[in-house]
Structures are given as structure tokens and as C-alpha cells.
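Before anything else, here's the structure in question.
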Amino acid sequence: MEKQGKPHSPWGENDQIGAMNYVTPEMLVRLFQGVKKGRIYDLSQVIQMGAPPIEPFMPPYVMSMWTTAEKTRKLLREHMNAVNEAGVLLERAEMTMHVGTHVDALGHFTIADEMYNGNSAQESIGDLGLERLGIEQAPPIITRAVLLDIATYKGVEHLEGGTVVTPADLEGVVNKQKVSIQPGDAVLLHTGWSKYFMTDNQKYVSTAPGLGEESARWLTAQQVAAIGADNMTVEVVPMEDEHRVFPVHQHLIVEKGVYMIENLRLDDPLKEGVYEFLFILLPVKFKGATASPVRPVAVI
Amino acid sequence: MEKQGKPHSPWGENDQIGAMNYVTPEMLVRLFQGVKKGRIYDLSQVIQMGAPPIEPFMPPYVMSMWTTAEKTRKLLREHMNAVNEAGVLLERAEMTMHVGTHVDALGHFTIADEMYNGNSAQESIGDLGLERLGIEQAPPIITRAVLLDIATYKGVEHLEGGTVVTPADLEGVVNKQKVSIQPGDAVLLHTGWSKYFMTDNQKYVSTAPGLGEESARWLTAQQVAAIGADNMTVEVVPMEDEHRVFPVHQHLIVEKGVYMIENLRLDDPLKEGVYEFLFILLPVKFKGATASPVRPVAVI
Amino acid sequence: MEKQGKPHSPWGENDQIGAMNYVTPEMLVRLFQGVKKGRIYDLSQVIQMGAPPIEPFMPPYVMSMWTTAEKTRKLLREHMNAVNEAGVLLERAEMTMHVGTHVDALGHFTIADEMYNGNSAQESIGDLGLERLGIEQAPPIITRAVLLDIATYKGVEHLEGGTVVTPADLEGVVNKQKVSIQPGDAVLLHTGWSKYFMTDNQKYVSTAPGLGEESARWLTAQQVAAIGADNMTVEVVPMEDEHRVFPVHQHLIVEKGVYMIENLRLDDPLKEGVYEFLFILLPVKFKGATASPVRPVAVI
Amino acid sequence: MEKQGKPHSPWGENDQIGAMNYVTPEMLVRLFQGVKKGRIYDLSQVIQMGAPPIEPFMPPYVMSMWTTAEKTRKLLREHMNAVNEAGVLLERAEMTMHVGTHVDALGHFTIADEMYNGNSAQESIGDLGLERLGIEQAPPIITRAVLLDIATYKGVEHLEGGTVVTPADLEGVVNKQKVSIQPGDAVLLHTGWSKYFMTDNQKYVSTAPGLGEESARWLTAQQVAAIGADNMTVEVVPMEDEHRVFPVHQHLIVEKGVYMIENLRLDDPLKEGVYEFLFILLPVKFKGATASPVRPVAVI
């Protein structure tokens, strides 16, 4: 860990957007102008009750109707003499922002009391949310993405739970797919694990193939802005060293300000051999939240 | 209303995406390639407790911490002998999906028992959400947007609550701004009302300038895909006819399958005289929900 | 079913308290004056996360801290210059009122559109709760209780899931225990099933020993005011006739206005051979709710 | 404060029930046998949406239907071939346990890091609730109560907000009403303030007449078990010394283990001149919660 307790961001002591600083307007112009087909791939899962939680770290997702058509029509008739039979439908949800496909805020993790850029957890966490590094500070994550199909590279439908994706694997896929990783990229890992999302949630969350610490460092050395995967943690579960819990989260978020994107569904571009694209992910600005559910898309 | 109780979408009896059908890949290619500056404008409000609700139609937004760094570090130390002091932060929220800047699902409204495309409310609404026309059916809303600055056209900082935006107003602004409305466009209305968002919520929700029925029809005649505004309802409050409640919602959503976007913050592009742009809004796929909180952006 | 769609209560067309009408002040005086030891037995379970739900009929119970001592002390110091270091602790819970030990409101069940005393479900149920027969209408349930130890009578630690408690069983226990059932009584059934509460919730809720329809009628014929059990449903699961779901709830609540008390913990009085006592259960007046979590006690 | 950081309860270092230790079975026998009329007075308010919160210390109360009769009948017909048209009604609520009439747990408050009986807040508070001193540790609060009608003694319908009830006032009322305060008693204060509960919540919570520090000490010197009032705080708001916030809570809960009961409705016994009675309050055992909503009753 670099400079514990002091600002360590290359982008200044007040920086709250982390590795998205690598993305420049010039890169964006090239990316947008590079869109040739007007084709959009949805990279997200449907969020519904029973969405897989990592217990006890996540509360469940609960949704039900709040107002329904028939009752609001009655209400509007009786209280406002309305004649146009307007049925209004709204729901209520109880949820964490880490439900389904989501992006972590830079305030989602700590190393002891330290958060990204030397912020103190003690001072930054209020009872009702983060006072610094909340998801409302995250910029629109619009950048180039490289989709690395580790599963196919390894010749399997999906890697087994607990399989560590190594730097050699990443290098191998990059070479095989003839892609390059550039500063500011989002790197998206296809492990095949999303097969178990909502089909076997117990399996989906209790283990997962994913990044080890070395691979995480290999990626940050290349100055990526975001790393996503088709599983719950991006990093391998169980961890490589049982006494170091979520070390990849600590490295990516706290030390490097890299955005982690979880529970992606990457099948659609893969089916068509699409490995590089304009990636668009728009975190909703929930003040003080440690993540946002999102619907990222790929555009080519 | 056309063909009550029968499918009425021009895009077929199973259509659930409505007016977004107007947007074609060719349009998208032109739009993306038209990006010249790589500049992104955020069009959304920060969502926080106290976010303005329309009572009694909306439940409040409530957020608090679920796990905090210090307690999870202790838990991981004690239960997993973890040595790396990983502090995990997650929140819980109680909310409706109509909180803050959001897009309505085509299942958000009815005319009597009828929903978009002839769906029956009775049959489509379950206790735990919509079984048809939920927000998970909405596509990524990526299209051209025209931003109409009604307030400036009228020579005011903001229109007064209750002011009906007429077809003549819309036409006047279009001419003044030298823009055109095309099929598939998102039309975004700047009334100046967002000035009161979180500064005077009571005022913000109790009245608002906005569309009347005639203007809504004027816009749908031009085959727009989405209509947004910098207020809570898009349509004028109080309504033009006190016995017709939310008639614009009924026309846009139920009759025309047009997406309504509420609580926008349109100041940033306006400050720079930007009236036409690539508009990107990505509804999160909450199964059966009647809306999604979003973070739309403009790109030029 | 008697007089469907018309008031059928022996206590008048506006009656909302049902079989608690059997309890008179005179009975209460005798009961209170009959207390000889001043001994109180707690008959309730601890309610905590993971409390057994009957899915999909019950939402989960979720609780977490809202304000914590350290943060409120800081807030009070900084915003009010407080010097007395007051740490304030509050929690938030997401729950149904049917969590843990609870009593059902007379509005908890219907037979088709009919509720207790001929009320129409259509007319009595609002989106935000019952407009009639909510738990706030229930009186304090203070009456004589008879505790029937069916398990011991049958010579088992607990009846197996699916075992129907018959009128003959009830009569047998009454005789063996030398007790009598009187109008206005609460009858509490010990089946031994609470052994699985929070120890094997899956088992606890998927089956249960309990009342069949005939036994329910045998009890209501004796004009009991309330029936409770040490399981989730009072009635047997699976039901006797697989095409008649929760018929005992329908009979007791809708037809007879009898209060059902679920998830009791009856071990303490049983250990001391206490079968008759003053029973006190105080439903919290949650307006429009279909139940209340409670902490009933026995006093001797 | 006595013996900060060390157990200070007269009932031992593991005591978690506080001043309810004063109540003995012998006292209970006398009390129960003293019931002459079998008359029950309800001392609680109806809990509903809009229930007054002390912001920002309390989250709002939100309730809506979860399952409704019509939809569950359909579900049971379609999925279980049910023929008996069972409509099942359940609600969901989002709430704090301090809503409406409620009793505080001994873990509700701290003085710096210290909780009742020398417990450390740091060590006793988990993210998901109290690990010690939660409301599930509170016993049934069944004891003698003395109702002191301060308002009438002062010749007013209600004391004004901010009025400190002094020891002299308490003594005066005791004498006037010819009652006595005995060890183990619940003392209930009628200030008339409940007049504003749900009629003017803003007024109800922003100020209140109530106990000052001296009166709190006067009462604990008499070894009372519980103190309740017909307002939100029992203690006066604003406080006597603006830099000492909630000092009465600190004294009663942390130092003395006395149960505080808030938002009582005391009108019914007062109307009939009933000042002494058997008081029954049964806290629901929500594990780790800092309070419980309750429905206390008086019996004579």
C-alpha cells in the first residue's frame, strides 16, 4: 500500500474519480467516431427477488407494489372527482446498491482505516452513507472496453469456482484475441460463471473463478480505468490466501481507484466475436452509496 | 384512445418497447460518428434522503449503512482470521424506482384497465411487480435529443407553476433555436423548475410548469421516442382540466409508448448553448418495476 | 360459510373484534384475582434476521442500525455544541407484521371476496393497508388460556409434519390434563414443532403438524376467542385436501372472527405442568396491518 | 455518572434488565388480586404512516400491502389448483422500533462509550443491531403504575412545549392525587402534549413539556422501574441546558436502567379519575433492537 493515510492519487489530493482520469476527450472522440454498426449489446442481468447476495454482507432485494391501478383510480375518482380513470403504478424496493449488475464506488472498501486517496474511513462514513467517495462522485464510465474470454481460451464453458486467473492467462488471451489493453480501458473478464446467476445462486456466490492479486496488479500496471467480470466479486473465491480476504478489492479500489463492475452478462458480444467496443456505464448518483446498480452496454 | 383493450402498437401485438422502435442502427451510427468534442454533460440530479416525493403516490427514499468498515474488519478478523484489515461498506435503501432522475416504464400508467398495447392491468400487475411492461423490457435509450429551452424563450428564469407549455411555445422554441424534431428523438424541456429540486421540494412537487394534452399530442405526432423535463411530472401541475388527472401520462405512455423522463437537470448543456446531442439513458433492469432511477448524459 | 357477503357476526354488523366479544369483565376479574404466584411465563420467540418466512407469502425480516453512538455523538457535538456525549442508537427494520410470534388480524384472510363479518375485500383493502379489520381494531387479548400438550398426549417429543390434530386428540388431551375449554378461552396447542424454529427453518415452514378443518370447527363450537400454536400456521401443512389451501384460516378468521396466534414458544409453562393461566397478548396498533408481532405471556 | 466503564448495576455485572429488578412476584400477586372491575384501558396511539419522527434521528414509517386477496387467490388457483378461494393479505413495513407508542431498550443510549451497566458501545453495537442490551433482553413490564396528571395540577389542558416538570410539580401532583410512588412503579406523566400527536406533528416533535434532569433524579431516587409520558421524549424539549442533549435519557437509561416509554395516550384512565393501576407492557423481542413498539394497557 502506498502512503497510507495520505492522499496517494496521481490526480491530486482531492481526487475522487480515480482511474477514470485516464480517459480523455480525445479518446472519446475516437471511440464514438469508431462506431460503425450502431449495434448495442446489453451487458447486464435482470434484477429480481432472490438476486444472489453474499451473506451476511448484503441485505436481500425485496420489491412489491406500492400503488396499483385499480386503487389509484378509485382514489382519484373519490378525492379529486377524476373522470379519466388514471391508474398509477409504483413499486417499493428494499435493496442494497450492490444488487445485480453494479459498479462499486471508490468508497466501498478500506484497508484498515484507509480509503482511496488517503481518506479516513472513520471520518468519511456517516450512519446514513459515505460523506466522501460515494457513488455520486463517480463519473459516467464511458470508455473503450476489452472483453477477455478466459473461458474459451482455457477451452472450457466456464472456469471452475476457485480458479485463479493469472497474468499469464490474461496475456495469453490478449495475444490470442489480438487485442491490446490501453490506459483508460475497461477490462471485462468472461469466466463463464454467469451461467449460475439465478440458476444456482448458492453456487454462484459461494465460489467463483476470478482475479488473484498478481493479475490485479498486472492490470493496474497498464492503467486500466475499470475491471468487470461475469461473477459477483471479480476476484477469485475462495481467495488465494485464506487469511487475506478480498485483497483484490483492496488493491483496485483503495490503492488504485479502479472501478469494479460485478455480475456482468457478457454472452451477447462474445457470440459474435466482439472483443473491443465502446463501453457505456452510467452510475446513478445515489448520494453516499457504495455502489450503483447499472445497465452497461457495448456499442460497435 | 385507440383500440381500447386490443393491441394498438404499430410494432405488433407483442411489442413492449414502444416508441424506441423509431430509433434505427443507421441513426445511431450517424449520431455516434457525429460526436466531435468527446464532451459529456450529466443530466441528472443527486438522489438523497428528502428527495421530493409526490405524496401519497410515492414512498420516501431512505438510505443507511448496512455494513461499515470497522465492524466488518472485526468480523473478518474474528471469524476468518483475516489479517488484511478489509473494511467492507454497503448500504440499504428503501425506495421507489421513481426517485430522483428516472425514466418511467411503459407499465407505469393505465387508462381504466388498459395499459400500453392493449395489455390488461388486471392481468399484468402482480403483487410483487409488473408481469408485462416492466422497466426490464425497456431498451437502452440511446438516441438523438433536442433540448428546448422554454424558459429562455419566454424570457424568464423559470416558468411559473401551472404554466401550460403549448404547441405554439414548442414551435417557437424550435424555430428560435434552429433545431428540428425528428422521429425517434428524445425531446427535453427546460422550464427552469429544477431550481426548486431539493431547495424547495414542497413547491417543486405541488405545482409545475409543463406539457398540456395538446402539446403532448403535438410531440407524439412527430414520432418522438422519449420526452423529458426538469420537473417531476413532465406535464403541467395542476392539470388543465381538474377532473382529468395526469392525462399526458396516459397519452404518452398508454397510447403512444413514449418514455417519460423526470427530474432532469439540464443546466450544463444550456450554459454552453448546446441544444442537440447524443442522448444516453440506460434503465436498470429491475424486473417488474414501473421505472428506473437513471443518470442520463448528453455527448457532443 | 354463513351468509356470504352479509354481516354474519353475532355481535352486530359493525363488529370488528370477533370472538373476543366472548370475554367479559367478570371473567377478567376472576382471572386476575386467580393469580397466586406472580409468575410470568414468556410465550414468544426471539425475532431476528433469518426468521422463517412462508415464501412467497412473506417478505424477509431485515434489520440494521440507523444511528450509532459514535456518529450521533459527533453530530451532536458538531451541530449543537453538545458536551454530554450522548450516543443515540436506533435501528431500521424491513418486515411483515407476521414475523416471529404474532397474532393475525381479522382482515388477514378472505373467502373469495368475503372477509370477516361480510366485509368485501375489494372495498376493504387499500394499497397501503386494510381500511377495515386491521390489527389496530383488535382488542388487548387478555383472557383465560388452556394449553393442550398434544405431543405428550401422543407420547412423542413432537408430532411429525403433516400430522392432523383431530377432535378426538383435542378431547383426549382435555380429559388427560383435566382441563375444560370455556367460551372466550385462548386455546394453545403444543405440537413440539417449535423445536425447528431457527434451527431448521426449511423444515419448520415446509410442513407442520396442526389443526384440520374438523378440529377447527370443534373448537369454534366451544366459542373460543383465540387459537395459537407452536408452529407457523396453527393448521396442518400440507393441508388435508391439497385443493383446499388454508381452510382453517378461512374458518377461524373469516367465518368465526377467532384470533390466530402463530410461532408460540410454549415450553416454559409445560415444563412446570402449567396448563391453565391468565393469557395476555397485546397487539400493537399498526393501522391497516394484517397482524402484529407480539410477546404473549402466561401469568399464574 | 457512576463508575464509568465498569458494571454499575446493583443487580450484578451481567444484569441486563435494570430497574425491573425492583418488581417482585409478591408485588405482582397483590397487583393482580387487586383488580376489581376487569376494566382495561388502552394507553397507546395508532401507528400509521406520517407517525411523528424526530429527524434526523428516526427513519420514517412506511407500510404497504405485500400480498392481496385477489392476487393470492389467482396464484393459489393457478399454481396449486386450489378451489377454496383463499385470499391472503400481508403487508410490508419499513420502520424503526421507536415508532408510535414504544419502550426504549437499555441499549438505546450511551454516555460517551458507556452503556447501561458499564457495557462498551464500541463492543456492544454491531452493524445489524445490539449484541447486548437489545430489547429482547427486556422483561415483560408488568407492574404497578402511578399516573400523574401534571396538566390538570397546573390548571391547563396541556403544558407548553419547553416547560420543565420539576420535582416540586411531581410532589405536588402526588399529594393532590393522594397517590404514592413506590419502588418498582411505572410513573406515567400526563402533560397533555399527546393532543398534537398526528394533528400537528411538527409541533409535537419540535418542542415538548417534560422532565428535567432534577426530576429524573428525583424519580430514580424512589427506585421507579419505568417512566412514561404522553410525548415523544419524556424529557423536556428544548433541553434545560442547550449544550446537554438528552441528559434525562442518559440518566434514566445508562445510569439507572430505567425503562422509558414514549408517545403514550393517557386520556382514557384520566377521564375516569383512575391514577393507580396494574400496568402491562410487553416489549416484542426484536433481537438487537433499541426499542419495541408496544400497546401498553392499564387494568383496574
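Structural remarks
For reference, chains read A, B, C and D in written order, and residue numbers begin at 1 within each chain.
Basically, a contact is a pair of C-beta atoms (placed from the backbone, for glycine too) under 8 Å apart; a residue touches a chain by one contact, two chains touch by 3 or more.
Note that this is a predicted model, so its numbers are computed, not measured.
Each step here moves to a touching chain, and the least such steps from chain A to chain C number 1. Two copies of one chain, chain C and chain D, touch each other, and the residues they use overlap strongly: the shared fraction of interface numbers exceeds half.
Separating the CA-averaged centres of chain B and chain D is a span of 44 Å.
Averaged Cα coordinates give chain A a centre that lies 23 Å from the centre of chain B.
Looking at chain B, one finds that residues 59, 62, 64-68, 72, 92, 94, 126-128 touch two or more other chains.
Across the complex, chain B meets chain C through its residues 56, 62, 64-66, 92, 94, 128.
Partner chain C is touched in their complex by these residues of chain A: 59-60, 62, 64-68, 71-72, 94, 126-128.
Residues 24-29, 32-33, 35-40, 42, 44-49, 57-59, 63-70, 72-73, 76, 80-98, 100, 107-113, 121-122, 125-130, 136, 139-140, 142, 242-247, 249-250, 278, 280-291, 293-297, 299 of chain B touch chain A in their complex.
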